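Handing you this structure, nothing more for now.
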Amino acid sequence: MEADLSAYSVRTDLALEARDFAAAAQPTIPGVLSSGYEKEGIKVSVIDITSEQGAQALGKLPGHYITLEVPALRQKDSDLQDRVATVFAQEFEKFLQKLSIPRNASVLVIGLGNWNVTPDALGPLVVENMTVTRHYFELVPDQVSPGYRPVSAVAPGVLGTTGIETGEIVQGIVDRSKPDLVIAIDALASRSLERVNTTIQIADTGIHPGSGIGNKRKGLTIDTLGVPVIAIGVPTVVYASTIVNNAFDMMHNHFQRQTANTGQILGLMDNLQENERLQLVKEVLNPLGHDLLVTPKEIDQFIEDIANIVASGLNAALHEAVDVDNVAAYTH
Amino acid sequence: MEADLSAYSVRTDLALEARDFAAAAQPTIPGVLSSGYEKEGIKVSVIDITSEQGAQALGKLPGHYITLEVPALRQKDSDLQDRVATVFAQEFEKFLQKLSIPRNASVLVIGLGNWNVTPDALGPLVVENMTVTRHYFELVPDQVSPGYRPVSAVAPGVLGTTGIETGEIVQGIVDRSKPDLVIAIDALASRSLERVNTTIQIADTGIHPGSGIGNKRKGLTIDTLGVPVIAIGVPTVVYASTIVNNAFDMMHNHFQRQTANTGQILGLMDNLQENERLQLVKEVLNPLGHDLLVTPKEIDQFIEDIANIVASGLNAALHEAVDVDNVAAYTH
Amino acid sequence: MEADLSAYSVRTDLALEARDFAAAAQPTIPGVLSSGYEKEGIKVSVIDITSEQGAQALGKLPGHYITLEVPALRQKDSDLQDRVATVFAQEFEKFLQKLSIPRNASVLVIGLGNWNVTPDALGPLVVENMTVTRHYFELVPDQVSPGYRPVSAVAPGVLGTTGIETGEIVQGIVDRSKPDLVIAIDALASRSLERVNTTIQIADTGIHPGSGIGNKRKGLTIDTLGVPVIAIGVPTVVYASTIVNNAFDMMHNHFQRQTANTGQILGLMDNLQENERLQLVKEVLNPLGHDLLVTPKEIDQFIEDIANIVASGLNAALHEAVDVDNVAAYTH
Amino acid sequence: MEADLSAYSVRTDLALEARDFAAAAQPTIPGVLSSGYEKEGIKVSVIDITSEQGAQALGKLPGHYITLEVPALRQKDSDLQDRVATVFAQEFEKFLQKLSIPRNASVLVIGLGNWNVTPDALGPLVVENMTVTRHYFELVPDQVSPGYRPVSAVAPGVLGTTGIETGEIVQGIVDRSKPDLVIAIDALASRSLERVNTTIQIADTGIHPGSGIGNKRKGLTIDTLGVPVIAIGVPTVVYASTIVNNAFDMMHNHFQRQTANTGQILGLMDNLQENERLQLVKEVLNPLGHDLLVTPKEIDQFIEDIANIVASGLNAALHEAVDVDNVAAYTH
């Protein structure tokens, strides 16, 4: 993980947040299609950005985005986790169909991040729990049971521990192993503490330099790798400045609801644009070492739970023979 | 770890913070003796609370407190870590002398906290790196080299994973193994993000229910255990509400320095007492799951580094034969 | 773990092996009752030693013994593991009834062994996966759902890392927490490589100094602790000398089957008693560092699998509310 | 790790063993140069196979081999470990000079093996402790201190967890990152229990399919990668059949020394060639699951210690600025 160098902007890794932000000003956004549903504590949002106009309105690339929001996911509820894995598998299968990825397309799963930094270990943990099958197709193709496709999985490490840009390593592996599709798992820096470990985004736009918090300047995209790249991102950390900035909003709204007074609420803060305010918060916090990336105390358990959900969901979505009802059994 | 249920108060686990707070109003506090020094980035503060009056002024128990503050400790500098271990060892030796603990007193080190929750794993990690010798004194007393004393070390677990109050377990072990002194290592919730993983406190007041963040309602004190108890505490987590509340102060001070205007600075916030404001922040953050205990992203490395410092320092301070200049070699 | 100092003897920790050995000479042994069944790859043997005569014939204490043998357990088959957990739970429940342990008896699970030595980590891993409830009975007794009993669980460490005899620690915890029953989980040194990680023994005779491979000179028995002690043992390591000695037998039998020649088969080896031979093998291997305790290369996975089986089985057997059909869900 | 399919042969991964075997029959072997020294418990052997004739005599490829034998390495002696790291660094530097590798040659360290299988985790652990610098040379070349060269390090995983042959992954990374030299670290299956975790071999012959125990059918050689490949191998596991077979020899020698009788010593075993005997032992052990790959019980500590030695030694050998006297400080 590394700090997002352009972090003074308000932009977000989540299309959902960008859509909500844009929609506040303009209810219907040309070039942006939204749908979704909520069921038993799991909220699924589908956003398709179909034109450059939509892309500019949201500040996100054209493409397809799915977001799962599960506020209760931090409450160590294994039934809920199983249900999330099932929904994830169903949505991921639909996503593959929407992208016209064939059933027998070979898949390379890339787990970005660092084993030894817990909030950044999501990708490597998902890789560890993938049901890999590519070697059977290569070595004993006639013995592979029906219902499986060739799946491989690699955790390439991070720039700080390998000395090589992750994009270079992945490109080398893609050149050699020639998958039809790359799925990249990554931990993200959140724009909100409440999203940390509760939100999963699936997108077909790949992974771009500077977005997210990994060392991946090169990017993993159809342009660099030559095959489609689906990114799965989960916010696992948040800047202290983000927490503070969000809190100003919450406090402001709280006072506004409580007082008739529409004048001075937070004094000099009221005069600032959100960007200015965030920048100011950063300037004030930084000298004291206060603007760290932070993560919930229970991160070890959260990361393990979400890695199991994503790996179980992917295994079920990628292999027809792996039953959606029983996804959890395929991981430990 | 568990939330400190009385967290609406402004009180702190660190005598240093309590002293600074009290000193702001009253430069000389009767019953409180302070001294200290700073050397190469390590600030050592010694506070002795010698009377009930001093105790009430600071809201801390009478006793002896040493605090090491090392702001650069989060910067993975192994030379600095060695120097901190050395200073820790020297100060801890002096502390034992001040308490008149004899050189051959047997010591039981208790590592409070939970192996599987990284920011709460400090105590167990220190225990893992202690040079234990008590069994040699018991089994082959005539073969023990000079310069060692009987040291034992146990990580008793936490209430949530054992089902037994930690105080009960420790009392049972003390009853059986009869140490002359107990040293308890614990992770604390900080009152400030900048202290997280940069501050170490040594105190002879034991560990009290509700202070800190462990499951230890019973307390580990000379009253419950029958022998002196030295507590070593390191802040490793902080509430999101604490971060926000501190930020309000910083913002306020920032604006105050910048504007001649001494009137409305943070609007309605200016009218609140600090306690009221913290309570309000908590009320606003809580419903959204925003008031989590958080820890820096790099917590895995920080905890390992500080555990090595504390274990190395203790090994050198407890065993004369373990050289202060070479403390780090005795742990891995 | 420590070497069994009396290891030159042929004695075994497993009543099953002792019974088979004795039965070879004397088909019906007075004071020894045997029964058992085999189902889908799981062999269950029940042995009751009901008299001193039986105890002497087997070289085991009077008491009740159950052994599960599952040769395929090393083959990472999660269905089989679930079935073994279920059988374990059923047999353990029957065992509790045979011992007249009441349904609401409070239980303390002791996980012997060392976290950091994989083949010795079985006990601590089981403790980590136990559903502990004692604190709810203590703190909020009227809120405990029916179908649970008070269960606590502690991993006390080993002499080499604590400096205190494990028996002393456990006795201290028992004195304070007053359970009605202690269940102690321990890794054993096997008499045969094929038993390693495939055999589980349950016995009501406690844990005795020198048996097994843990640092537990004091023993955990009804005499030392004042409450019944059920020991659950799994062989996880084997001496190189044991492997060699077994191999001599296998080679001998192999040649015997193949040749009419009943004379010289293994030459000078043929003249030795088994005890003499084992002693000789040890003498020959030792100087070269060849008589290590060894464990299969895949020990990390094996230990995790068996710990899950034992913890799942215990959780289901101890808590009526935990369904036998679904035991695996209660651990991770 | 996978079983060496050609394991019925007596051949060994260690040139030293091959040389000793060949030298038993023929003291001076044309095309084989040997030298060496022993100092404070560390035995260093240098073997150069300079011709095809020498290669055939030893059954090893022409090339340069260095072996460090340290029987006491399993005794957790940190002073000895530091000395071994220093000797390793010195010998490795000389080795690079012998191969005419320039001081500024860029190096890619490949850690073969599997994180999650302790005896196979040597390679990944070494990678974790390497001082990687390549990214500084790429990103801020003018800010790199003198005394460093570009070093990168990757743990590519194993076929069973990635689904891709390790050779393919490494080739892809080499194609992209273009190092001048590859150093591959691998755990080996030993021909002798006494070598496990006590012997380190350095060779410039690369890693060949079927040698060692990794999933690396493709091989890592100058032919496949286009740059020189230095292999560093440490025996960490041994077959049960190997232990038994060695024991037969030891028993035979033991009896021979003790008896005047030069006739029947081990009976029918005496009539077998060593190859026949090993095959027989395997046939006898296999059906009972007795022919496992095994590793010492203390493998967790051993692997950590040797990984630190190799990483410290490599860091000192590769970077002039890293002092040989202080190698251990650069790893944790």
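In order of appearance the chains are A, B, C and D, and numbering begins at 1 in each one.
By our rule, a contact is a pair of C-beta atoms (placed from the backbone, for glycine too) under 8 Å apart; a residue touches a chain by one contact, two chains touch by 3 or more.
Just so we're clear, the structure is a prediction, and the values are computed from it rather than from any experiment.
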{"item": "Copy pair chain A, chain D: interface residue numbering same or different (half cut)", "value": "same"}
{"item": "Of all other chains, the one whose Cα centre sits farthest from chain B", "value": "D"}
{"item": "Centre-to-centre distance between chain B and chain A (centres being mean Cα positions), rounded to whole Å", "value": "36"}
{"item": "Averaged-CA centre spacing for the pair chain C and chain B, given as whole angstrom", "value": "41"}
{"item": "For chain A paired with chain C, centre-to-centre distance based on mean C-alpha positions, whole Å", "value": "45"}
{"item": "Where chain A touches two or more other chains at once, by residue number", "value": "116"}
{"item": "Chain D - residues contacting chain C, complex", "value": "1, 71, 74, 116-120, 193-194, 196, 198, 237-238, 240, 243-244, 246-247, 250-251, 254-255, 259, 264-270, 280-281, 284-285, 288-290, 292-301"}
{"item": "Residues of chain D touching chain A in the complex", "value": "115-116, 127-128, 132-135, 138, 150-157, 159-165, 168-169, 171-177"}
